[in-house]
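Here's a structure for you.
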Amino acid sequence: MFPKPIEKSSRSIQLGYQSLLPVALILWLLPLIAVALFSVKPAGDFSAGNYWNLPSEFGGWENYGKVFFESDMPRYLLNSLLITVPTAIGAVALSCMAGFALGIYRFKSNLWLFFMFVAGNFVPFQILMVPVRDLTLDLGLYNTKTGLVLFHIAFQTGFCTLFMRNFIKGLPFALIEAARVEGVAEWKIFVYVVLPLMKPAIAALAVLIFTFIWNDYFWAVVLTQGVESQPVTAGITSFNAQYRAAYHLMSAGAIVAALPPVAMFFLMQKHFIAGLTLGAVK
Amino acid sequence: QQLTGDLKIFSDMSNPAPRATMEGMAARFGEMHPDLNIELTIIDREAYKTQIRNFLTANTPDVANWYAANRMRPYVDAGLFEDVSDVWEGQLSEELASTKGAMTLDGKQWGVPYTYYQWGVYYRKDIYEELGLSEPATFEEELANCQKIVDSGRTCYTLGSKFLWTAGGWFDYLNMRTNGYDFHSALLAGEKKWDSEEVRATFANWRTLLDMGAFIENHTSYSYQESLPFLAQGDSAAILIGNFAVAPLRDAGLTDDQLDFYQFPAITEGVAMAEDAPTDTFHIPSGASNKEAAKAFLKFVVSAENQTMINAGDALGQLPVNSKSSVDDDKFLKEGFAMLSSNSPGGVAQFFDRDAPAEMAKVGMEGLQEFMVRPDNLDAILARLDKAAERIYK
Amino acid sequence: MTTTAVPPTTPEQQRRSWYKRNEIKVTPWLFLFPAILFFLVYVVFPILQSFNLSVYAWDGLGEKEYVGLDHYRALWDDPAFYISLRNNLIWLVLYLLAIPAGLFIALFLNQTVTGIRLYKSLFFFPFVISQVVVGLVFTWFYDPTFGLLNSVLGLVGLGPINVLGDPTYVTYGIIAAGLWPQTAYCMILYLTGLNAVDPEQVEAARLDGAKGWKMLWYVIVPQLKPATFIAFVVTIVGALRSFDLISIMTNGGPFGESRVLSFYMFEVALSEYGFRMGYGAAIAVVLFMIMLCFIAYFLYSMYKDQKGH
Amino acid sequence: MSGVTLKNVIKRYGDVQVIHGIDLEINDGEFCVFVGPSGCGKSTLLRMVAGLEETTEGAIGIGTRDVTGMDPAERGVAMVFQTYALYPHMTVRDNMGFGLKMNGHPKAEIAEKVAEATRILKLEDYLNRKPSALSGGQRQRVSIGRAIVRGPEVFLFDEPLSNLDAELRVEMRVEIARLHKEIGATMIYVTHDQVEAMTLADKIVVLRAGHIEQVGAPLDLYRNPDNKFVAGFIGSPAMNFLDGTIKQGAVEISALNGSFKLPLNTPSDGTEVSFGIRPEHLEIDPKGDTHMVDMTEALGGVSYAHLLSDTGEKIIVEERGDDRSQEGARVGLKFPVERAMLFDRASEARIR
Amino acid sequence: MSGVTLKNVIKRYGDVQVIHGIDLEINDGEFCVFVGPSGCGKSTLLRMVAGLEETTEGAIGIGTRDVTGMDPAERGVAMVFQTYALYPHMTVRDNMGFGLKMNGHPKAEIAEKVAEATRILKLEDYLNRKPSALSGGQRQRVSIGRAIVRGPEVFLFDEPLSNLDAELRVEMRVEIARLHKEIGATMIYVTHDQVEAMTLADKIVVLRAGHIEQVGAPLDLYRNPDNKFVAGFIGSPAMNFLDGTIKQGAVEISALNGSFKLPLNTPSDGTEVSFGIRPEHLEIDPKGDTHMVDMTEALGGVSYAHLLSDTGEKIIVEERGDDRSQEGARVGLKFPVERAMLFDRASEARIR
């Protein structure tokens, strides 16, 4: 292990390290801590110029109450959920199948198809902007969650397929052969042998996609408008427009918007990091 | 007659006060037509500007907000706005005479206005009094005032130019006062060169202000709302803005004793005073499905009674477009109304980004902002604007 | 050698259905079909369409008008394009700082004291948060009057700096905000990479007398090559895609000085004063071409990798 | 009858031919082992029999059927993999019953067959465990059980024991021998391990670079190899080979400092030959002085003396008993001439 | 002089003690091999000598220096790892020179020392390759070269050959023996492999669960083990152990169906003992009728007969020569009594 394990160092170094950790963490997360503090400050603190001191009193209930009951935030949150969850399911489903095909079967265009997905994953998505917007308009899906979901599924399929294909490639091929020798039909191999083994990858990927999509802003702006279909990232900007200079409310809003992926991250932390590892460092 | 079906309205009145006004207006119209199902969608004002293209072509509402003059031209040209000349027929034309021109393109009317508002200088009366200043009538007085304010450790004007258009307001006024309304509108219509004596004179005046430190320093970082606290807290003495700023300033704690208004002072002698008074409008997209109800709604919007109500100080706090309606008993509205009706012989402009084509407005306002930060770049900026103009007005 | 005879084929073989006989050949295509369909419709065709669109003038409303390479010619002497391009290069270069920074934090956290897992995830936190929120937070951080940055600078007698309002600082200010989550991302990549460092090599190097920086430089960093590679790729991609932060923090300003290509094309094509679709597409094509270098590099190394196995 | 017949079987990967026309007959119930150096095509050949690799040319028959183009499932074969290839998410019971279940056999029948295999392999205690909770040997037993359940005509094993440690390997080897005795099916077994090949096989097939070098019973190959390759490959430590030349009906071997008349059809004078003799057939003559003891390796009951002839050729001699030679000593060598073999140096063919 | 001295060395991981007070003296130039079952602490002990693990208690000396608290780099040791631990991004040359470079030696000196090690290990042709372009044996050779270059007083090897295949293992083993002879440094070597331990060691240390069971020359351990553990551990196939009881000064062994008087200090009557005899010391008496031949494994020169006594105990017998027993036959057993050993069943100590 590098660097040298700290427990092998002298007592004072250990103590130094232990106390440096929280300090470093606070510095690192300073901007977030500030927002958290902002969000529980009463409005008066800002007009009094009390930006960076502790809140004069706890104003969190009021601020969050405003966010939840006097704005469209709940609506935006719901939209985000209705966009994110189907996308995660769809992208994972498509990429499981594609990954299976690319990871298990040998055929001529295999590598090229795979590269197509990988390359698609890296294109600057702005190049898709105008045509995709037109396509969505033509399909009558402009400003619908469905339109956003369909596009996200398609675009995420690149990354997910890369991820799944690598994962499946890492499975022992002998398992597939064993099943073939036993006369198991190919689709049954997928369902009964490969899918159960992909559970960790599926979990990891689902979490990853969840955060990616939840945090998407660009496509939300390009493909949707208005409170009935925009997700919370776009919502927060109109929220901001509405409450400009009301930092306590904006902070509360920002925290509300950031919370679901953060919660997801903490709940599924193991999968999430495993996911990054599986998908990336492999 | 009784209206039925759905009426879909898209609105950009997203700030708290306008939003409530819009919702109230929709509700009242709904009460008049119980069988009509009104769906009101309110979209963030900045976002609305980019989204209108999309919803005019797909997912079309029956009524939509927009702006008058050049700003509506692309949609008129593309056939996306319905010709509503029939709504204007009859007495309405008289009642709305003052804004009819702004709604007319190619001899037809393409929507109705619902509000307009004056621009001008909103200032801290208490500070002026403290320093012994009075409302300036000429640029010289203005500069003298400003010097005293600067000497007192304040800035003369607060400004938030992050979203550019506030700089457009400054140019409008400086140019209209320096060169007059006709030159200004010709310039924005692409008929005059930016690199001209006249425009340079305007910028020279502006530069005088810049050089004396009249503006707050970091205006590029702020939206106009974010720039208001400087005024509210007394760090700046005034702001050049539209009347919509009154409500947030009052919210920020300024009383009518502290806040006052004056018309932007004259610069070049003999140039008639002209004002910016942007008109906000309602239109019917040509793809609307319930045009009958939409037209009824438009008529309702401009009716004298409704105009009085929605432009009241506790609502939009702006000027009604219907000559029959009454201006609210609000000192700013009264002052503005008086100014526009009797003291702007030069004409009424819509606003920089409504009078110039969108693309030109963008490039132009960027140049204006750049000028405010780097006045020495003026030559390059003017050259750039002329080059852009060449392409855009082609 | 023995000579042997193989018995004849039984009729059973012909009885099988066509699908059964070609199962292995057909199955992958059935499984690939939906993904390919989605991908073609939403990714591949749109790229081609963008190429096509870049030779038309179109305001998104009326008829398209063929203009040939005019847009590219216009780009050639569009100062805004050069500013965007310059900023893109600055982004590319400075964004890469996330890699050493991430490595540094990863090394700092690569210990096994109690609670380190929590620390690791908290350090990773910024990556989970939407860039929109990050942008907001940093906007406040930079605020010239009340922002924390200027408060701190004020304490040591400097400033105030109007980071986001000053054309000389604005791009760097946004990049700094972007580096925050990106560093967290690189950190996690390196943490997993460090996990995979062969402990025996570290021990061998200790026996060889390598310590501290020498150990890091000669033994650890080379072993972290895969992590570095991925970090490099995601950072480049992130730098070229940067949009959210610019849009939230400055909207491209002041006077367009913080634009990058991706933002510029959005502005040109879809923003309030824009709707020059063809011109936007032309910018997108240029951006795509830049990215293509990296994609090609990435695919090439992957190809080599595949051949290696 | 369910023997396996290969007829002129050829395998090409693209342009690379890895199996060069193999003809082979494996009788019903026979235990056939493929050996050969790494990369010689053992696995490929086995997988062609299984149907996991396509047969480029030639024909494969199992029992009375030509299975060349058939799917693996239809061939009536079962395969045991080096890595066990157990489904990690299923219990031992489900692993064994999976194939039958997928092919729609009734539950009762599956249960019965699994029970039977479980009995044979003594897996009763583990039926409800997942593979991860089993030791390597147990896993391999389950994977054999899975093969048994399907009641195949032919069992295929690809280095089934090479992932086990030495002790377990011995144990499982005995197990497989017992299994073959008990169910009597035809088995084809690929291995690297001399001991496995020698002890398990009824018939060993020695492959080299996609060709069959020799086929025969283990001790036949050991005692009577057809060529130098087989002679060197079978037996450990490997046979010593010394360069020799035929002179007047005898072999002149400079490394042995002598000329020997062997009881075989000595080729014509001047033929260059390789003289082969196994370490265990050599005996050290402490009184001799033809060789130097370069090194000795004492393993307890047996030691190996590495001798260096004056020509620089190395010779390994097995020593038993209590007297072992000392390093550095000079010694002579004795051997019974009938144990020596002669190979043509050019063609490597055995001279008998 | 640079021997290695361990004095009451103890290692604890937290509360778990894995090395229990080891005293050991390894002389200058000696080749010392640690053997023992998996997990007994061989690697831990070696790594403590290297300085890669801290010594919890006790002292380690190299030459005349007490190195207990020193950094690995200062101890004058070099280590060869099972997985080679070559730096994959450096060429062979750089790998070998890395240690000197890190310690600031001049380039010329490094080049010279690398050249010397290259010569010893015959690596000339590979100097500019990366490790990934080398075979396993070559890699291990480079890793030994890396150790040589540093000119250490003590070489440490942790199962250096266990990742190689059988053939290469034999070859490298010989190489290491030659190396030891050539440079004459002290070497400590950990292995699982009987053959390596027996052939390489000057001194074998048998470890069990963190204790030393016996220390001695290979053949001493083979011929004269101190206890049942060592007797069973050294030698392959392992010694046969049969339960016996002392009756009237003789050992009664039911599995052998007889009572034997052994030439040793027979313990008192009624003592339960284990009777040990190696497979190679047993001889099958085809005329006897005490055992059943359960299975035979013919390996060519030697076969192993697995016998089953009537009590069900298993006995392995080594057979050589041309006559081998048949499976299923009933046979008798002969052995020279002086080869048999006796162990106390409870304490496992040897009874001499």
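Miscellaneous remarks
When the chains are written out, they are named A, B, C, D and E in that same order, and each has its own residue count from 1.
As a convention for this text, contacts are C-beta pairs under 8 Å (C-beta built on N, C-alpha and C of every residue); 3 or more make two chains touch, one makes a residue touch a chain.
Given the structure is predicted, the values throughout are model-derived calculations rather than measurements.
Listed here as common contacts of subunit A and subunit E: C, D. Taking each chain's centre as the mean of its C-alpha atoms, the one that lies farthest from the centre of subunit D is B.
No other two chains have as many C-beta pairs in contact as A-C.
Averaged C-alpha coordinates put the centre of subunit A at 15 Å from the centre of subunit C. Annotation: 53 Å between the Cα-based centres of subunit C and subunit D. We define each chain's centre as the mean of its Cα atoms; on that basis subunit D and subunit E are separated by 27 Å. The multi-chain contact residues of subunit C, meaning those touching 2 or more other chains, are 23, 219, 270.
Residue positions of subunit A touching 2 or more other chains, listed in rising order: 133, 185, 221, 237. Against subunit D, in their complex, subunit E makes its touches with residues 165-166, 170, 174, 177-178, 192, 194-195, 198-199, 218-219, 222, 234-236, 278-281, 295, 297-302, 306, 318, 320. Across the interface of their complex, subunit A is touched by residues 50-52, 71-74, 77-79, 81-85, 87-89, 98-99, 102-103, 143, 146, 150 of subunit D. Against subunit C, the residues of subunit B that register as touching in their complex are 46, 49-50, 53, 56-57, 74-75, 77-78, 80, 161-164, 217-222, 353, 358-359, 361-362, 366-367, 369-370, 373-374, 384, 391. On subunit C, the positions that touch subunit B within their shared complex are 59-62, 74, 79, 142-145, 160, 162, 164-167, 250-251, 253-256, 270-276. Here subunit A touches subunit C in the complex through residues 1-3, 5-7, 14, 17-18, 21, 24-25, 28-32, 34-35, 38, 49, 51-52, 94-95, 97-98, 100-102, 104-105, 107, 110-111, 113, 115-120, 122-135, 150-151, 153-155, 157-158, 161, 185-187, 190, 211, 214-215, 217-218, 221-222, 233, 236-237, 240, 247, 250, 254, 257-258, 261-262, 265-266, 269, 273, 276-277, 280-281, going by the rule given at the top.
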